[in-house]
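Sending over a structure as structure tokens; questions will come in a sec.
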Amino acid sequence: MKPFRPSLLSNSGGILRAPCFIIFSVAAGRVVVFLSDFGPDSLYVGQVKGVLAGIPVLDLCHDIPPEDVRAGAYALFTSWKYFPSGSIFLAVIDPGVGTARKALAASWNGYFFVAPDNGLLSPFMEGDFRAVELAVPAEASPTFHARDVFAPAARRLALGESLENLGQPCPSPVYCAFFSPRETADGIRGRVILRDRFGNLITNVPAAMLEGKNFAVMAGGKEIFPARTYGDVEPGKPLAVIGSGGFLELSVRDGDAGEALSLSVGDIVEVIWKKI
Amino acid sequence: MKPFRPSLLSNSGGILRAPCFIIFSVAAGRVVVFLSDFGPDSLYVGQVKGVLAGIPVLDLCHDIPPEDVRAGAYALFTSWKYFPSGSIFLAVIDPGVGTARKALAASWNGYFFVAPDNGLLSPFMEGDFRAVELAVPAEASPTFHARDVFAPAARRLALGESLENLGQPCPSPVYCAFFSPRETADGIRGRVILRDRFGNLITNVPAAMLEGKNFAVMAGGKEIFPARTYGDVEPGKPLAVIGSGGFLELSVRDGDAGEALSLSVGDIVEVIWKKI
Amino acid sequence: MKPFRPSLLSNSGGILRAPCFIIFSVAAGRVVVFLSDFGPDSLYVGQVKGVLAGIPVLDLCHDIPPEDVRAGAYALFTSWKYFPSGSIFLAVIDPGVGTARKALAASWNGYFFVAPDNGLLSPFMEGDFRAVELAVPAEASPTFHARDVFAPAARRLALGESLENLGQPCPSPVYCAFFSPRETADGIRGRVILRDRFGNLITNVPAAMLEGKNFAVMAGGKEIFPARTYGDVEPGKPLAVIGSGGFLELSVRDGDAGEALSLSVGDIVEVIWKKI
């Protein structure tokens, strides 16, 4: 029996793109900034880059924990200002792909966004934020909208199309209050939202809630004292710093705070006001 | 005793390149698309990018499981069409580096390929496929042909050299029937060939073998039913979908199919035809 | 109680950049080559790329083991020659961030470097090596100098500023003899300094110390014989090769030397001279 051999030119897995590489019409200042939970240098990231070939792309982050929309929102919220005005954030943390969730393109403050409608863009839902709903072509893979829906939309924005051109207005996108920890009688009840490669634990407590106040932190059954930076404590000692993203972080100098404090994403971190 | 200090300008580890960065002569449309099993953002990937400095490079994937030629072939087979015509696929999954296996450059359907001769290019061995054998310079590191043999060849193609210029014709490159699962009396016996970061299990059963048919899937001792996408089943339930690469995939909605079904790469997946 | 909502336009986490993307004044030949221990495609890597937006950036490596300055020095030492003259190596393995360690920019042999003063640049401290000390702006995050101190300096060099313009001379930067293993009565006592994704064990013994000599290697209680490349031994057998970086490496053909020899980074590798 002659073995079946799949055809190269059939196209059951996605949308065939017109070939072209050097693109002269990228709109001034429009770079695509790509965020996902697809895993570093994974094939899914690579196929999206094919769809965007010819357009400048910067990778913001691809090691967001799988399906962690809040971590993705943290990445966007703490990073947009480092990118040029006009940047297009292609942000795909999309646990709902293949369900009825909408696909969005949006603009805010001179920036653009393309993302699933699951709260990922919540930090930008203020001021001049506007969103439109993207159509999903019939031939799009129902399990990979990043490649077949979101990247083509980012490409169109990069080539200068207006947001309005991409879809009908979406007046009430999903909003999640990811970075608004609960204020308690004597402080703030926050949570660990991310653990970095060095074991630092990033919380959802913004620096602005702590400014000018005296406090200690209770987490993992330990009292941890605030410091400006690692050098302010002895090696091996824990400290609470305002991290590089502008949120409270728990660290251990020359150590791994996640391990030392036995804390993971989702665990509670209590800020307690201190009298001077 | 004065300690030995290795010289910076000696060159025992590879081939010294002439310095130059801005390259005006990249042939129209020729971008290098880089696939390897070197690991994301690893030093081996970085050194290859040095050799290609000045030429546009897109990363297709670097998290192919070490030495898994079939997984690399899957990546190429399912991705080429997303890249512009004229793209040069630099594909190095090379368990045989340092043995007598040949080094190839090839062309097919307007695309170019540079790869070891181990079956990695099998999906393209049809139609106008042509291959030439690359010479291995004496000074090439015998353990890192990606940097010292394959990348320089990709660079020459990007600068507009013809395939013929790169070596003598290689009439019978190694071919492997990676994506031709065995047809059985009542269905297809396939295998898991890749597990992605989300736990989805990609099989070697192409969508074209399933089109218009009714079937169920037996895998890991369970019967799994086909669905169009994740939203078609309840959270936590398994399903069999045509994945974004055009092959049968096993998934669990909001879950990890590899874990839930206790299946790994290489395990058997049976498709069984059903009467309506 | 209205929940606190952090402001988007406040800037507690870093330095706000002026928006601009297309940069016409990148100095000829100046590409930024980025090395870190931040993790592949991590958010820290992404934010640095935002600061460098508009300037060509190549990733050298981001999977250096956390805080392993020696591994970072190995990456620089074995890679600089693959990059064009004028390249700016932005190298941040920085266990001392937030302590009193200095921040440096340097030049050597037509290349530039931006790095913490912790020995990372030791391999280049010869010949025309010069270093200046970078000022740390008050508004820099005390835990993320890569983004707020080093990347802005790399950007200034890429735009053509001179090294002298970046700071006051730093006459005696920290030097570490990372790649000078101890010579013994009958050979060399080296150490494993890196394990790659394939299980190869890279040592700090440079090829130049072994040239023209007969030797065997004792490591993990086993005697391992030198070979030119993997193909010179049977599958599953260990061998000692001159690796692609120009240092002695221990490998197992078609296997994982780290596992097979039970060796890790830091373990001793003895070279023993043999009479013919």
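Each chain carries a letter (A, B and C) given by its place in the written order, and its residues are counted from 1.
Assume a residue touches a chain if its C-beta (ideal position, glycine included) is under 8 Å from a C-beta of that chain, and two chains touch if they have at least 3 such contacts.
Computed from a predicted model, the values in this text were never measured in an experiment.
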Cα superposition angle of chain A on its copy chain B, in degrees to the nearest 5
120
How would you label the chain B and chain C contact, same or different, if same means the shared numbers make up over half of all numbers there?
different
Please work out the Cα centroid separation of chain B and chain C, and write it as a whole number of Å.
28
Residue numbers of chain A (touch at least two other chains)
40-41, 45
Would you mind writing out the residues of chain A in touch with chain C in their complex?
28-31, 33, 35, 40-41, 45, 56, 58-63, 75, 77-87, 109-110, 123-124, 126-127, 177, 179-183, 196-198, 206-209, 228-232, 241-247, 249, 251, 254
Along chain C, where are the residues that touch chain A in the complex?
1, 3-8, 10-14, 16-17, 19-22, 37-47, 49-51, 53-54, 66-67, 95-100, 141-144, 147-148
